[in-house]
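Think of it as A, B and C in the order they're written, each chain with its own count starting at 1.
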Amino acid sequence: MSFDFGRVALFIFFFVVPVIGIALGLRSPAMRSRIPIITAFIAGMIPILSLYIPKGFLSGPQGMSPRLDRWLIIVAGFALLLGIVNVVQNNSRRIARRDAGWAFSVVLLAGLLVTGSLGIWGAVSGEGIGFRADGSTTPFKWIEDRFFQPLQSTIFSLLAFFMASAAFRAFRARNTEATILLVAAGLVMAGRVPLFELLAAPFPALQPSAASVSLFLGGLTEWIMNIPNGAAQSGIIIGDALGAASMAIRVILGIERGYLGLGAGE
Amino acid sequence: MAKRPSAMDRFLEWTLNLDRRWIYLLVAVSVITPIVVPIGLPVTTTSSTRSAFEFVETLKPGDVAWLSFDYGPSSAPENDPMAEAFLRQCFLKKVRVVVIALYPLGGLGLANNVLAKITAEFPNLVYGEDYVNLGYKDGAAAVMRRLGDNIADAFPTDVNGRPIGEFPILRGIHDIKQVKVVFTAATGLIGEYWITQVHAQFGTPVIIGPTAVSAPKYYAFLNAGQLVGMLGGMKGAAEYEKLLRAKYPELDRFYGGTRLFTATKGMDGQTVLHTVILLLILLGNIAYLRSRARRRVTDVGGGRGPAGTRP
Amino acid sequence: MTETFPGIGIWISALLTLFAFSFLYKDNPFFRFAESLFAGVSLGYYVGIVLNQTLKPNLIEPLTTNFAGNWDLLMAGGIGLLLYMRYVPKIGWVSRYALAIYVAYYIGVEFTRRIHGEVLPQLSRTVVPLFPWTGATLESLVFVIGVYSVLVYFFFSKEQNRVTRKIARVGIWFLMISFGAAFGFTVMGRIALLIGRLNFLILDWLYPALGI
């Protein structure tokens, strides 16, 4: 077994320290919040320092930072599945109590069980979850193509209807700002599609003029997107990034602890 | 004395109080009509798409490009045509392509489907030499950090579990800095990570194909020189298809068929529904402004003498 | 795309699509069935991709094929499993360690990404020549005014005075243009999804079913 510095350091910071913390926490509830904050500080500082300290123990191929990156790819996978436990608990409870709509909970759990089982089978059998070597689809892929993709696509496509209805009912030029918004929206919507060519479709003689108008609107749209929109988005990005960076410092330094389920004084 | 609403006002009032399901029906008809009766409206290109296309045109045979499927079925009609067009262009130029997926909700399935569809059009391609599918990985930000040092750290195997050392395409490509361009077809934040993390830290040129919803934000990155090019939504995909067909007329057999879905054909429906929605917004605002004007006249008439005089 | 009679898979996809669209008329059991099925299948999908694409190649196989060279990955697996302790009532607090590592790591990555990849390049875009006045420099002037007036608008730490209020108002105008443009693009994005779905229903299902 290899014991390079990166591995040993991570072992100490993210195994030994938490184990000590858990042992202390079992005896004293006050320790249940302090040591996780120290762990967070170390976990947050490693990726930052690795960019500024080009030393092998930190950012070299066997350093702490690359090793931690590999770990967190794995941890992200576990985190993605975290919500499943909650969903299974809630829906099982609804079925057991025969609450309103419990039959749909059965449908949900059945979908989860079948698809999840096929995914597990793909891993265990080695045939995977995509195409087999002979080009045929695995059962998991068939469920993905016939159930998952159509359902996700359709549910999101409902937004087109709601958006059209909302635009008709609510999009009003109530004041100066709303009017600016409305005019910009109208220009961009008209400039991104060959709207005038469509309107002139029954009148071939008008097509050249329609094309010219479309070309002008298209150019105007591009200018709006590049300059006023680009400027506003740049300002938003800078402001948002500075806010996020300051929040990151607060979390790493332990000032912000809400994500651990701790209040300000804990 | 209150002014009686005119016939026009009564009509506008009636349309504003229409059951929203009639609006839904109008939307559906507007989209279905150009599918059933294709119109074939022209597509004009923009500089951001042309930049992307021309950059890929500068790649040489044997160069390695990177295609990341960072979207799911919820935006497939916009992003699929982008990915397909990019793959076709690369394969025609004999540029080798590494495909990955970083979007958890459906990215892998779409990567598999699009790659299967396009590679079937180029039967001489060899998996592992001309292209490879490394599959999906969780933790996009951590993955990108590893790609900057060692691709194998993040992707030790391909999508089917074969060690990546087996594939000739990746011999000589140790990290993302050696890749000529990253094309990310994206919905959401992952596309942004390629720009602000991979390009910023490793300098790899990035082309982004965002959904139309997130495209406005990327103009800021384009202006700052952080992007080589951008395909904004279905329109961007249609522009890329137009440029591709102009340069490679042999692709007409894929873009010209009546049953194949392409972004160019989708633009017909976009145009019709844009027109309808603009008319609806106009109608709604005419009704609003007229009712506001009527209320002002009523207020003035009720509180004082005739307009402009004191009681 | 085939013009032969659609197979069972296409029929299932088409029926589920119609069930989901039925919500437009009103909420009904068919829609709720489709919605519940979607939720369940999505979660099962997560299980499949995480297990096959991340845990197996990045954790399980390295440990089983070369434990000596990859023993540290045990701790990654341990941290991942520790996240699930939140569901165990008496010892839920131990999951704080896993959460601390997971959240703080990604926040650390985010910090450098934001500064290095967003703030610095975006600010550098505003440091451009504004003279002599040509088309390009006037555009740059408008751009710079836009960026800084928007930043002034978003400065909420201190009450704005008469001057900054006027500058913030200019910022609001730029924001309104941007939001209007964003609305136009959003319309396009949502319509595209609908086009894709109806294209499938008509050309992939209905036409072949009717023999067209």
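The definition used in the following text is that a contact is a pair of C-beta atoms (placed from the backbone, for glycine too) under 8 Å apart; a residue touches a chain by one contact, two chains touch by 3 or more.
Keep in mind that this is a model prediction, so the values were computed, not measured.
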{"item": "Most contacted chain pair (by C-beta pair count)", "value": "A-C"}
{"item": "Central chain (by mean CA position)", "value": "C"}
{"item": "Separation of chain A from chain B, taking each centre as the mean of its C-alpha atoms, in whole Å", "value": "17"}
{"item": "Whole-Å gap between the CA centroids of chain A and chain C", "value": "4"}
{"item": "Cα-centroid distance, chain B relative to chain C, in whole angstrom", "value": "13"}
{"item": "Interface hub residues of chain B, defined as touching at least two other chains", "value": "24, 27-28, 31, 74-77, 104-106, 108, 137-139, 142, 145, 159, 161, 201, 216, 220, 223-224, 235, 270, 273-274, 277"}
{"item": "For chain A, residues contacting two or more additional chains", "value": "47, 51, 70, 72-77, 79-80, 128-129, 144-145, 148-150, 152-153, 155-156, 160-161, 167, 182, 185-186, 189, 192-193, 225, 229-230, 233-234, 236-237"}
{"item": "Where chain C touches two or more other chains, by residue", "value": "24, 42, 45-46, 49-50, 53-54, 56, 58, 105-106, 109-110, 114, 116, 118, 122, 125, 143, 178, 181-182, 185-188, 190-191, 193-194, 196-197, 200"}
{"item": "Residues on chain C engaged by chain B in the complex (per definition of touch)", "value": "1, 3, 24-25, 42, 45-46, 49-50, 53-54, 56-58, 61-62, 105-106, 109-110, 113-114, 116-118, 121-122, 124-125, 143, 178, 181-182, 185-200, 202-203, 207"}
{"item": "Contacting residues of chain A [partner chain B, same complex]", "value": "47, 51, 61, 65-66, 69-70, 72-77, 79-80, 126, 128-131, 133, 141, 144-145, 148-150, 152-153, 155-156, 160-161, 164-165, 167-169, 171-174, 182, 185-186, 189-190, 192-195, 197-199, 201, 211, 214-215, 218, 222, 225-226, 229-230, 233-234, 236-237"}
{"item": "Residues of chain B touching chain A in the complex", "value": "16, 20, 23-24, 26-28, 31, 39, 41-44, 46-47, 72-77, 104-106, 108-110, 112-113, 116, 137-139, 142-143, 145-146, 149-150, 153-154, 159-161, 201, 216-217, 219-220, 222-224, 235, 267, 270-278, 280-281, 283-285, 288-289"}
{"item": "Residues of chain B defined as touching chain C within the complex", "value": "21, 24, 27-28, 31-32, 35-36, 74-78, 104-106, 108, 135-139, 141-142, 145, 155-157, 159, 161, 193, 195-197, 199-201, 211-213, 215-216, 220-221, 223-226, 232-235, 257, 259-261, 265-266, 269-270, 273-274, 277"}
{"item": "Footprint of chain A on chain C - complex, ascending", "value": "9-10, 12-14, 16-17, 20-21, 23-24, 32-56, 58-59, 67-69, 71-73, 75-84, 87, 93-94, 96-112, 114-116, 118-119, 122-123, 125-126, 139, 142-151, 153-154, 171-188, 190-191, 193-194, 196-197, 200"}
